[in-house]
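In the two assemblies presented below, chain A is common to both, partnered first by chain B and then by chain C.
== the complex of A and B ==
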């Protein structure tokens, strides 16, 4: 098929220009080379295609395939049901509750992380004595693994011995059942997740703040803008590309929270923190309902794809300058 | 009224050497005052202290008779143009010009009027909706100027505003800035490292070097009576010749022998000792002579068309620069006679000017011995 290409495209205006003839011969030469290149291309692509195929593409297709069937305990398809799994899910109250919990969690984590990260970065951006120490401390959460941070937040949330309740009681409050009351459990996992995301967010915001030219602020000082006005009208627009990036990354990362939930609440109490990813895990590997888990996976993938797309479309205009 | 600097000093930390030491100056209303000096001399620091962007360590700054030391920049009623232009990349030209006015919560109608006026003055009206990145360097510079104009402040500070532009554009913008300054009757303080800008634009020039004011005067007075070595070398291209000289004999004398070769006679006798004599390249005369004659050999010739710059080495190994008007025909290694016409400057051992020899074009004040 490749060989037939030149004949389907009639000869370019060869005879009009003295140099054209030479250029067609080089075209033929490079064309033959490209035929050879094809094998090299496959050779180089091979390893990553193989890995991606085995661990990403095949599971993705298989998941979609399974979501159209009923499955047995070994995860094998038994009866084709079409989109019935999807219809069932979207009518299932527990699933919709999970969806709501996920939205609460994801939005809470993303918003708080952005606001706090920016606040810390703005503070660290001041020229104060010993600020270098705090710049290091603020990034430190990047170096703590999910399991470790979940465990020590568990200690802090402990209703009797935890430091948080001791503080609450010191101020005369009643101890809070952090991880066993539905509302507080959501607060607890959001707080922990924000804490984990904060280091990376801080680092990016701090870098962005540092790269805003000082002369912009000098000019605004002379021009008559207050510090607050400068923050809203210089700093925020200048770092908006970073904010967009951090927002997308945090949102997607929050959607994928698994280890944190597993260690802290295991989706409880009464499914209050049973986020979509955790629900998939439970349905598939604890309840053995592979068809339903597959369906949930596909829906989650679609949700993330749509959000990313919308974010890009909406914000692309506003953040570029 | 104007701006008064009384002993303005800037130092960082306690024990360190000040970066700017006891600057005194008076800047009159409506004048173009140029602060010039090599990089690192503290000229931008001085400007930033006047603007209020950095605090003054010591001394008093008065604007229109009022002490301004602790007053924040926005209340000093001045505008500033930065070397980097400091334009907001996310705002279009009109919004950049309007930025300060909006921050001051001015009425939209007046903002619009001022922006339009300012953009008209710098010929940018058809670019008002463009972003800074869509403009050339010269156009960005004009936006920065328009922003200063729109602020309607009577005092404007400019920090090396032309140093990012190419040579031709720089000459044009120089004239435009001067015109704006006259038109708006601005008190303009202009910082530059370029002595040509200082010479061509200024009403008064402050020469800064080594953290100290070297001289404050009109450009021509500085050129004609440089206070010291540094000023003499900084003004005028090519650089002035600084030659070591001695009084002839052991008693006080008006006769100075330069490098054992040239001799000049002063109006006043000087105490016996060593001095430095400064003679500008265009005050030296060079004539071609036959082989072996003369007192110098040509080592470099730069023909610029309207003038010829010749470097020659005197027989006692001292290099001098000579500028001859027009196109002079001299070859490398050619023997020449160099004679000094007036004027010449005599600097003492502390590098300051202690005597001047006026001289006249037709009289030889110095001759080959």
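== the complex of A and C ==
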């Protein structure tokens, strides 16, 4: 669903046809092909349509169907309630709190990852002795799985023995209840998530920076432009496609954060980190309330679809390809 | 044109390869099932949720059972958490992925009963004239409906208070009575916090609904109408009764005074307790063996606390029971029953209590040398069992017979977190109560119970 969204982008009309281009020599062959286009289209699209139909479209429709019912202990729809599930959810304070928490988390993760990733990439782009070592280090988090990083950060956040509180106490502060105070718990999961995303973001930005032609900077130097001016007017426009890509990917990936939340806070304390995806999981597979989980899934799908569309409409204009 | 033809060739080639792979896997899979079928033993798939020492001991039991006879082979499959297993059972029933026998927790009794997916063990008990009186009656209470035993209790625990007797001695604090009241606990918690110059926290009560439920049980307060669901379908819950309010106000007061620390989860809490930074906490008796490893004879154990001036009513048992699924052949069910009997015999239950801290539910277990030795060496390990035996079973201390208590637990745990964060006790509990009443109403409606 999420991955298929980018295809909603309006396609550029193409003048050449991949098959006809090859066969302009014989008019007959060209005609045959045009007549059979439909057949070819189904032949080539068939397998993926079949797979998508079974694994994407049917579950989506089924989810929507379930969201209009109450489901019993076996997950079967029993009582038709129309849009009542939607109304209940949108009026429910815990759900709205989840929505707010998700926005905080997603925006926090996306912005911090972009800024820090770019910063690291800009630093690693300098020609210094031993910079290769740092370039490797900065990408290192790519090789760390969600469970490992969650456990690793859990140790650091531990209120009594964790290294972060040791540092806080060293400077005379009171130990912070990282994962048990609602505000701090959100900080903790954002920090961990940013840390996890950083390696991949860094790598993409670094690649983009490396591919900016040096001649542009040389020309700017000759023109007497400051480093700051060069960054804004050469670097940023040149890497804007990458920024756009990283932005979309990070945002969607943040929306889908599950393992991290499950391992670090399980949605707590007081639902402070009970993000939409995690709430769906809990409602379906812990509480057995499939109707409510389906309703939440549909709402989340709509939210992500809208955000992605807005991103494409707004940002696509500003991106220099 | 040639290019198109080539493209087609590639297309059919790819399709052909995919087809071959699928056929290959099918043959492989089929061959494997044939090999399995060729083994003469009847496979009994067993789902459990035991970790740590429990899992170790359970695996030993299974190995011993498989060795003791040649008819059945029990295959253990770890399923994660108690919470998750209910939905897994509901979703796999009737498929080849479902278990023959599974472990499911106390508060799932109602849902398992209503599902109709299991064979009540009473059927086997009656047929074999199995002596069920050897199983402690309070433990049976939580898996009984209308006088019939639905599932066999296996790992039975109770909430218990643990304290660090070494710290108490060091700071000259009088130890707790065996059945402490709220103010007894306040006293020692405060003293420890003061005398250690705030270096040691006095107490911790995890924001865990099971503990909340036991505060109610121990003061004979109902959690839900219809006597906690034991006499009919509950339609309303009650989280704002006098005892609920008193216990939560007590905990909030301690948190405000600073001697109670909310560690967020049991892991952090246990770590603090074992490293001598926490005086007392309340958790499952199943933690006993772990805590003895850490503190040895310095571990103190008492009954679960009761409000001042109230006679303790006793508390529900926690833990889980063994359910035999009805979607397998009679032969497999027979194997499941044999295995169930094996797990609860006197000798194995004694080993089980020694290895884990779950309470031996077989009344003959106390005579086993393993337990006699344990009680002689560490007298405090006997306390949770005494608590269990001293209670007279009634509606408020026999668990909650409602479908989907997990959702209620999540709401109560949120309320407890809010209470620790300083929010109004009544408001927090009332919000949880109202939310769950709505859930209960729609659950009953969806399942056709008015």
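In the analysis below, the second predicted complex is superposed on the first by the 266 of 321 C-alpha atoms of A that agree within 3 Å, B and C clash if a C-alpha of one lies under 4 Å from a C-alpha of the other, contacts with A are read in each partner's own complex, and residues count from 1 in each chain.
We take it that a residue touches a chain if its C-beta (ideal position, glycine included) is under 8 Å from a C-beta of that chain, and two chains touch if they have at least 3 such contacts.
Keep in mind that this is a model prediction, so the values were computed, not measured.
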Just to be sure I read the superposition right, which of the two partners does A:80 touch: chain B = first, chain C = second, or both, or neither?
neither
Looking at A:287, would you say it contacts chain B, chain C, both, or neither? Reply first, second, both or neither.
second
After lining up the shared chain so the two structures overlap, which partner does A:233 touch, if you call chain B first and chain C second: first, second, both or neither?
first
Please tell me which partner, chain B or chain C, touches more residues of chain A.
C
A:179 in the overlay: touching chain B, chain C, both, or neither? Say first, second, both or neither.
second
Does chain B (first) or chain C (second) touch A:133, or do both, or does neither?
neither
Which of chain B and chain C A:161 touches, first, second, both or neither:
second
Touched partner set for A:94, first chain B, second chain C, both or neither
second
Please indicate which partner A:39 is in contact with in the superposed arrangement: first for chain B, second for chain C, both, or neither.
neither
Residues of chain B touching chain A in the complex:
48, 51-53, 72-74, 76, 78-80, 82-84, 86, 88-90, 99-100, 103-104, 131, 133, 147, 151, 157
Contacts from chain A onto chain C in the complex sit at residues 19, 22-23, 26, 29, 33, 43-44, 47, 70-75, 78-79, 94, 158-161, 177, 179-182, 268-271, 282, 284-289, 291
Within their complex, state which residues of chain C touch chain A.
1-4, 11, 15, 83-84, 86-87, 90-91, 111, 114-115, 207, 262-265, 268, 271-272, 275, 277, 403-404, 406-407, 410, 413-414, 417-418, 421, 435, 439, 442-443, 445-448
How about chain A: which of its residues touch chain B in the complex?
213, 215-216, 218-226, 229, 233-234, 237-238, 240, 321
